[in-house]
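We call the chains A, B and C, going by the order they appear; numbering starts again at 1 in every chain.
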Amino acid sequence: MRKTLFYSVLLLVVGYCCGPYLWQLITSLKPDGELTALPPVFPERVTFSHYVSIFRESRFFRIILNSAAVASVTTVLSIVIGSLAAFGLAKLNLRRKGVILGFVLSVSMFPPIATVCPLYLVIRALGLRDTWWGLVLTYTTFSLPLSIWTLTGFFARIPDEIYLAARVDGCSPFQALCRIMLPVAAPGVFTAAILVFIFAWNEFLFALTLTSTTASRTVPVAIALFPGLHEIPWGDIAAASVVVTVPLLALVFLFQRRIVEGLTAGAVKG
Amino acid sequence: MKRRDGRYIFVAPAIVLLSLVTIYPAIYVFILSLRRKMLIFHISRFTGLDNYIFLLKDDRFWNALWNTVYFTAVSVSLEMLLGLGIALLLNRPFAAKGMVRAAVLVPWAIPTVVSARMWEWIFNSDFGILNYLLGMKINWLGNPSWALHAAIFADVWKTTPFVAILLMAGLQVIPRELGQAARIDGAGAWGVFRHVTLPLLKPVILVALIFRTLDAFRVFDVVYVLTGGGPANSTETLSVYAYKVLFQTLQFGYGSALSVVVFLCVGGISILYIKLLSGIRA
Amino acid sequence: MIILLCLLIFPGCSDRETSEKAHGTVLVFKHGKIAGDPGPLRRLLARFERENPGIEVSDETLPASSDAQHQFYVINLEAGSADFDVMGLDVIWVPEFARAGWLRETDRLMPQKERDDFFPGPVEAVTYRGKAWAVPWYIDAGVLYYRKDLLDRYGFKPPGTWQELVFESQYVTAMEKGLYGFVWQGKQYEGLVCNVLEFLRSNGGGVLSNGRVVIDSPANRFALGFMRDLIVKYRVTPPLVTTADEESTRHIFGNGRALFMRNWPYAWNIFTVENSQVRGRVGVAPLPAFPGGRSSPTLGGWQLGINRCSRHPEAAERFVRFMTSPSSQKYLALTIGYKPTRKSLYRDHELLARQPFIAGLYGILMNARSRPVTPYYMMMTQVLQPEFSAALTGVRKPAEALGSVARQTGHIMGIEQ
């Protein structure tokens, strides 16, 4: 009885989360004439023309490559810099810890629309317009608050004894970070990584402002470029959103396993 | 002395990067908020707190502030509750756990430019699937009383996974033995939750709460696409208003003042959260 | 850290200077995304390059959304960017950009005798303080779509007045099931202002008159109240119109669920496509007016402007002249459906033979009236949109809304002091 309740709630949750996405999938298979005809819910004639069109017309492969590159480098940089900072804040008894955390958080307190103009000037001055590095620099900076706060929370939860024991064993702080803290806090690290990756993948405002050609254009900007002056090619947009979400889901699925493994490792040590 | 310097090296890269990239924009916005700057008319002069005084008398600002506060309060509460519920639900072992976790993240993974438009179509009174399934013709986005709630619903759907995934990770690092020990002591499920799980989750809850509140208070994309701030400014949040002032009317001074107000509000709320949930940071 | 920054910079530099030495002048043309095949535009650009050796044109697309483009231009032009030379400008931005000093004057490109060949509306829209600041590229105006088959069935003609439209809608929708009477764009955005002005002006009202704010007038109050009545009193317009934009209404009409629709001419081509449900059953007519008034479609369309900071102004001028020439406009009309801004092309045999539809547009386009041509317009529209929306949704009475608009607009017009 409890099991059926559990599974039905689970089904509800999955339905709630995936329902609109499935609707996108169905829409992407409908020919143009049927896009807003309701009923029927399912397409009368399944067509893959939208998928063909997005890859052929907008150099979608290059765009996905741009997004993948920018998001990956951002994630790596953000987690590395964030781990270092979080470790320092959580374990090294720094003075002015609160001030530093507050400063880090304040970066996220401005509405992005206010900072886009001056940020554009900064990126332009550095000569990074329409490049991967311009986006990486921006995204790493703006994802650091989330990285640092999340990782600090997870590192702080690790009992001090474990850290001190490692130091007694002769590890430098840096070695302790790599060999002890990161593995034990793995769920937090991978969660932060997923969130940063998705942030960089889906960010729109800065990408729109800092890119101008397919040299560095990312997925959200490309999708915003599908509509014409008045027409909105809803079939193409639905197909693009299906295509673009799949890599993220695959990534999450892979990372999920690592979280479980990380837990096991922690349990053994703990 | 040497040891202290050595320790600060860990936070140095973060602080240097953040400063380099954001100090200039932050100063830019603060200084502009003290000026009257209208690009079109080449007006640019220092006016002190005039922008802020005007702001206090601006009805549209108060309307936007109220919409923003309402949006944030309802949205964040729902997200935290749902996210916590989902995290607890998914915390026990069951078949296809990995796939379900990935599935739960779908709303967060869809690009915002798409999800906002998608909800616009779902909410469409004539050919939207929601009205189709309900069998009614509710004017979700065109009715001033409903529109903000529709926006909240779309936002909650999108961002609940963010909370859920953070809390899931937080639950993972709570040793199972603690819960088992409590049960042996006679605690029920609720007792375990309240006295064991919740306190240990507090740091992660704090992070989720702060960042969700930050984002909800600064919400822009979903509202702008769904309703453009309408109908009759009933969904115009502070960011939408600031956007229009900055990029439509090109009043950079006043727009910056609005942004500073957002900054101060969010800062105040964060301090409030930290004080309320204080004593937990190890 | 500094070394890291240097490493960051070097791969990132876009080196326009050296690439130009290799290829000659490179003109950057920024414009909104064109729906459909990008091929025709590229072929046109290639033709320009052939006729102008030494100039290469690089076209960069921006999102089609007018707001997104406006934001882009504001950020770049304010920073004095020389990264692009020619830009596509929405009809409502020209006075604003001209006043801000971001455009290069185009009087040379529109000498008087040529100016007469353009429609009067766009010419008025690109003229500020007696000078021309952009050249009209393609034109748009509000038109009335109607279901020919349904009107014929009941012996009706396309309505000449709004009251006739109400009458015909009520009659036909009582007879036919599942049909809305009249759909238009009432979402709180720029399109709403276009729609409302079509009612206000066709009743003899308007926003500005000789620089004076005249929006709070009995004629306007009546017209705005009439729009609200379409929804609540006459019930020919569904409430969903308060959140409808071009595409939603286009889909509704295209699915055969509306008798009348106000929209831009772009929808026509979509209705004539193979599997359209309303193929062969749609007609286009000028918008109705109030008794004693004149049909006043709102002017849309885009113009080509030259960045004042452009490093190649002469080449840019040549490019703009080419793109707005009769042959280019005819080519774009035939391939991507941009309606030409030159009156002479509406008598061109080949164009009329291939697109008979545009013959009917000529009269409408001659009557098309631009929104207030003033650098204050962008501020004004931010006042007009919420107040009009409030009147349509019943949050405010029309008189209240218009009074508020008058007050705020008066304040805006005095803002330079």
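The rule is short, and it goes like this: contacts are C-beta pairs under 8 Å (C-beta built on N, C-alpha and C of every residue); 3 or more make two chains touch, one makes a residue touch a chain.
Please read these numbers as outputs of a predicted model, since none were measured by experiment.
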What is the shape of the graph in which nodes denote protein chains and edges denote touching chain pairs (line, ring, star, complete, other)? complete
Between A-C and A-B, the pair with more C-beta contacts: A-B
Counting in whole Å, what is the centre-to-centre distance of chain A and chain C, each centre being its mean C-alpha position? 37
Centre to centre, by mean C-alpha position, how many angstrom separate chain A and chain B? 16
Multi-partner residues of chain C (at least 2 other chains): 71, 78, 251-252, 255
Quick check on chain B: which residues sit in contact with 2+ other chains? 127, 247
For chain A, give me the residues that contact two or more of the other chains. 36-37, 117, 121, 137, 224, 232
Chain C-facing residues of chain A, complex: 31-33, 35-37, 57, 116-117, 120-121, 124, 126-134, 137, 208-209, 212-213, 221, 224-233
Per the touch rule above, chain A residues touching chain B in the complex are 6, 9-10, 13-14, 16-18, 20-21, 23-24, 36-39, 41, 81-82, 84-85, 87-90, 92-94, 100, 103-115, 117-119, 121-122, 137-138, 140-141, 144-146, 148-150, 153-154, 156-157, 160, 173, 184-185, 187-188, 190-191, 194-195, 198, 201-202, 204-205, 219-220, 223-224, 232, 234, 237-238, 240-241, 244-245, 248-250, 252-253, 256-257, 259, 262-263, 266-267, 270
Across the complex, what residues on chain B touch chain C? 16, 38-43, 60, 124-127, 137, 139-144, 147, 227-234, 236, 244-245, 247-251
List the residues on chain C that touch chain A in their complex, please. 5, 8-9, 11-14, 32-38, 60-65, 68, 71-72, 75, 78-79, 81, 83, 246-247, 250-252, 254-255, 264, 266-267, 270, 273, 275-277, 302
Report the residues of chain B in contact with chain A in the complex, numbered from low to high. 7-8, 10-11, 13-15, 17-18, 21-22, 24-26, 28-29, 86, 89, 94, 97-115, 117-119, 121-122, 127, 129, 132, 157, 160-162, 165-166, 168-170, 172-173, 175, 200, 203-204, 206-207, 210-211, 214, 218, 220-221, 238-239, 242-243, 246-247, 252, 255-256, 259, 262-263, 266-267, 270, 281-282
